[in-house]
Amino acid sequence: MSLSEIALLVKGDVSGDPDLKISGVSEIQNGKPGTITFLGNPLYGKYLDNTAASAVFVSKKTDLKDHDGIIVTDPQLAMAKTLSVFYPDKKPPGIIHPNTFIHHHAKVGVDVTIDPGTVIESGAIIGDGSWIGPNVFIGANISMGTNCKIYANTVLYHDIVMGDKVIIHAGAVIGSDGYGFVNDSNRQVKIPQVGSVLIGDNVEIGSNSTIDRATIGNTIIGDMCKLDNLVHIAHNVKIGRGCLITAQVGIAGSAEVGDFCTFAGQAGVVPHVRIGDNSIITGKSGVTKSLSGNEIYGGFPARPIKEQHKKDAILIEVSRMRKQLDQLIKG
Amino acid sequence: MSLSEIALLVKGDVSGDPDLKISGVSEIQNGKPGTITFLGNPLYGKYLDNTAASAVFVSKKTDLKDHDGIIVTDPQLAMAKTLSVFYPDKKPPGIIHPNTFIHHHAKVGVDVTIDPGTVIESGAIIGDGSWIGPNVFIGANISMGTNCKIYANTVLYHDIVMGDKVIIHAGAVIGSDGYGFVNDSNRQVKIPQVGSVLIGDNVEIGSNSTIDRATIGNTIIGDMCKLDNLVHIAHNVKIGRGCLITAQVGIAGSAEVGDFCTFAGQAGVVPHVRIGDNSIITGKSGVTKSLSGNEIYGGFPARPIKEQHKKDAILIEVSRMRKQLDQLIKG
Amino acid sequence: MSLSEIALLVKGDVSGDPDLKISGVSEIQNGKPGTITFLGNPLYGKYLDNTAASAVFVSKKTDLKDHDGIIVTDPQLAMAKTLSVFYPDKKPPGIIHPNTFIHHHAKVGVDVTIDPGTVIESGAIIGDGSWIGPNVFIGANISMGTNCKIYANTVLYHDIVMGDKVIIHAGAVIGSDGYGFVNDSNRQVKIPQVGSVLIGDNVEIGSNSTIDRATIGNTIIGDMCKLDNLVHIAHNVKIGRGCLITAQVGIAGSAEVGDFCTFAGQAGVVPHVRIGDNSIITGKSGVTKSLSGNEIYGGFPARPIKEQHKKDAILIEVSRMRKQLDQLIKG
C-alpha cells in the first residue's frame, strides 16, 4: 500500500511522499524499513529520531520532524486499522473435526469450525460462523451467537446466553458455581447456584479469567466489555456496556458497574456496591462503597482521586508541622 | 410445595396463607409470582414493597409488612435449603465414555461417571459415585474419595489424597510443583518437589485456583474448606477445618492457618507465619506476622482492625493539629 | 547413601558418624529416622532438638548440638542436591499416544513423549526429548527447544519461540492476544495482536499463569526466569535473565525488567516503566515509576524501602507531636 492509500484508510493527511510503499507495521524502537510505525505515548518520542521505520503516524505535524508520515487524530487507532489490513483475521476452515463429542440434541450452525477433543452437550446452540478451539467444553443449553471465537481449553458450564462476536481466550471458565455458603451450626452449607450468565455482543474475555453464574437470576457482562487475563467476576455481578477490566481485577458478588467504566490492574470491588457510569478505578484500588461515577477513583477505600492525593499530601504536611512545632517549643 | 411445607423444611413459622403454592425461588429485586424470595442483606429491604414474589423469608415478622412469608433464624440458610429441594443436584449417569484413557492399573469405583477426553494414570483410585468431567487429568497414585465432582479441564498431578464429596471447579490445578529455587552462583537451581497434597472431606475449590504440592511432607486443605476462584495455595501450606478463602487470595509457602478462618478477596499471607483459629482477614490485607486468632485483622501489614482504624484516624488528627498550630503561630 | 557420600555430593563436612546410612529426606518438624533434614530458616531451629531425622544439614557446626550432620555453606542448596539424587526425575517413555492430533507439517524430534488429546498444529517444531502432557494445545509455527516439559491442559498459541529445558505447568496460557483496544467514537476497537513471545532456556512457568503475545514485536521472558502460579505478563513486556516472579504478580504492557530481579507475591507494575537489574519488589507493592535497580523497593507507589519505612515512621511522629502541641496549648 502507498502512504496515500493508508491515509485514506485512516482518514489522515500525508506529510512527505504520498507514493511511498508500506508493507507492514513495526514498533518505533524496533522500526523496520518499508513499514509504518506510530507515536502514541509521548514516552516513545525519544525513539523517533533513530527509528528505521519509513513512516510514522503522529497527531501533530511538528512531531514528524523530517520523517514521512500521516497526521491523524488518534495514532493508535490509525495503527489498529492499518494492522487489520496488513494482518487480516484468518478465516477458520468451517470444518468439524471427527474427534469431537457433540450431543445429538445440540444445534450447530452453518460454517462452524470445531477442533478435536471438544465436547458439546445437549441443547447447546452454536451460532453460524463460530470457531470452537480444541478441548473446549460447552455445557447443556448454552446459546452462543454468530461469529464467536472460543479458544482452546475454555470451559462454559450449562445454561449461558452469549451474544454475537464474543471472543473467549484460552482457559477461561464461564458459569462455574457462585461462591455461596451459609453457616449452619459450624457446617458450611452450599447454596445451590441455579442462575445463569448473560454475555453481550462483542465481549472479549482474557485467558484464565473466571465468571461465575448467579445464585438466582443472572450474572451480566454488557455489550462490548473487554476483560483482560485472570479477572474474576463473582455471582450476580452486573456490568454495563463498554467497560474495560484489566488483568487480575476482582469484582465481588452482586456488585453493579455502569457503562464505560475502566478498572486498572489488580483493583477490587466488595459485594453489593454500585459504581456509576464512566468511573475510572485506578490500579490496586479497593472499592468499598458505592461511587456516583464520571470521575477517577483511587486508593483503598477508593475515593475521588483528588481526595486520595490530599491524603498523600498530609504526609508532607506533617514534616512541615514538625519543624514549626520545634521552633515554637524552642521559643 | 405449600408455604407450610416449606416452613416445615426450614424450621420456620408461616405468616399469612399456609396453603399458598410455591413453585420456585427468585431474587427480591426480580421477584416472580408463585416463587418465594428472601430478605438477607438489609440493603435489599428497599425492594420488598414492590417485589412480585409471592412470599418472603425474613428473620423478623415486622419485615414482612403485608407479604406472605416465613419467619426463620437465618433467611439465607432457609433459601439454601429451599433451593436444594426445587433444584436438586442432577445425578450423573454413571457411564464411562469410551473416549477416555484409563490406565489398567487405575481402580475405578462403582457408579462412577467419566466424560470424554479424560486421562487417568496408573495407581489412581476413583471413589464410588464420583463424577469426572471431560478433558480432566488425574495423575498416578491419586486417591479420590466417594461422591467427588471434578469439573472439566481440571488437572490433578500425581500422589494426591482427597476425601469424600470434594468438588473441584473447572481449570483448577492441584499438586503442581511448589515454587522452590535456590541460587547457586547465579544459577537458579530447582528444588525437587517430592511431597504431596491432602484434601479433606467436603472441600470445594474454585475455578482456575492452584494448590501446589509440598517440597517434602504435605500441603493440607482441611475438611469443609471452601476456596473461591483464582486462589493460590503454595507448597507446604496447612489450612485447618471450615475455612472460607475468597477469590484471588494468595497464601505463601509453609504458612499455617487455623480452623474456621475467613479470608476476603485479594488478601495475601507471607511464608512461614501462623494464623490462629477464627481469624477474619479483610480484603486486600497482607498478613506479614503470625496472628493469634479470634479477631478481625486488616491492612498491610495486617493488625487487629481496631488498630488499623486508629491509623486511619491519625490522618484526621493531623488536619486538626494543623489548625491549632496555625493559631499558636499567629499568636 | 552414607553421610560421607552425601557430604561429597554437596561439598560439605561431616560431623558425627560418616558411615551413617541415609535413605531419604524429611522435614525437620516431621523428621523420619534414616533420613536427613536441613535447618535453613532459623524459625525452624526450635524443631531441631526433637526431630526424629538421623542427620541435619546446617551452616554452623554449633547448630548441630549432638546430632549427626553435614556443615555446608547453603543448607537449602544441599537439600536440593540431595533430593535430586533420592528422587531423580522420571524419564518420560518417549511414546506418542495414538489419540493425538499432530499436523503432518509439524516436526517432532527424537525421544519425544506426547500424551492423549494433545493437538499440534502445522509448522510447529518439538525439540528432542521433550514431554508434552495430555490435552495440550500447541499452535502453528511454535518452535520448542529440547527437553521441554509441558504439563496437562497448557495452551500455547501460534508463533512462539521457546528455548531448551523450559517447564510449563498445567493450565498456563502463552501467547494469547495482548489487551489492546482503542476507543473510536464510543466503540472499543480491537488492536490486532500480531507479535510473538520469546521464552529463554531453563524458564519455568507456574500453573494457570498467562503471558500475552506482543502487539508488534516480542514479549520476552529471559533465560532462567522462574514464574510462580497465576502470574500475568502483558503484551510487549521484556524480562531479563534469572528473575523470580512469585504468585499473582502482574506486569503490565511494555514494562521492562532487568536481570535477576525478584517480585514478591501480588506485586504489580504499571505499563511502560523500566525496572533496573537486581531490584527486589516486596509483596503487594505497586511499581508506578521506573526504578534504577540494585535496591529493595516497597509500597504503592513503590519507592526504596528506606523511604517507605520513613513514611510509616511519620504516623508515630504524629502522636508525639499531638502531645507536644497539647502542652503548648495548655501553656
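Quick notes
A, B and C label the chains in the order they appear, each numbered from 1.
Keep in mind that, in the parts below, a residue touches a chain if its C-beta (ideal position, glycine included) is under 8 Å from a C-beta of that chain, and two chains touch if they have at least 3 such contacts.
Quick caveat: nothing in here was measured; it's all calculated off a predicted structure.
The angle of the rotation superposing subunit A on subunit C, based on CA atoms and rounded to the nearest 5, is 120 degrees. Of all residue numbers seen at the subunit A-subunit B contact, under half occur in both copies; the interface is built from largely non-matching residues.
Chain centres here are Cα averages; for subunit A and subunit B they lie 26 Å apart.
Multi-chain contact residues, meaning those touching two or more other chains, occur in subunit C at positions 99, 117, 135, 153, 171, 208, 230, 248, 266, 318, 321, 325, 328. Residues 99, 101, 117, 119, 135, 137, 153, 155, 157, 171, 173, 176-177, 179-184, 186-192, 194, 208, 210, 212, 215-217, 230, 232, 234, 236, 248, 250, 252, 266, 268, 270, 272, 286, 288, 300, 311, 314, 317-318, 321, 324-325, 328 of subunit C touch subunit A in their complex. Across the complex, subunit B meets subunit A through its residues 25-27, 30, 41, 43, 74, 76-77, 79-81, 83-84, 86-87, 89, 97, 99, 115-117, 133-135, 151-153, 169-171, 202, 204, 206-208, 224, 226, 228-230, 242, 244, 246-248, 260, 264-266, 283-284, 315, 318-319, 321-322, 325, 328-329.
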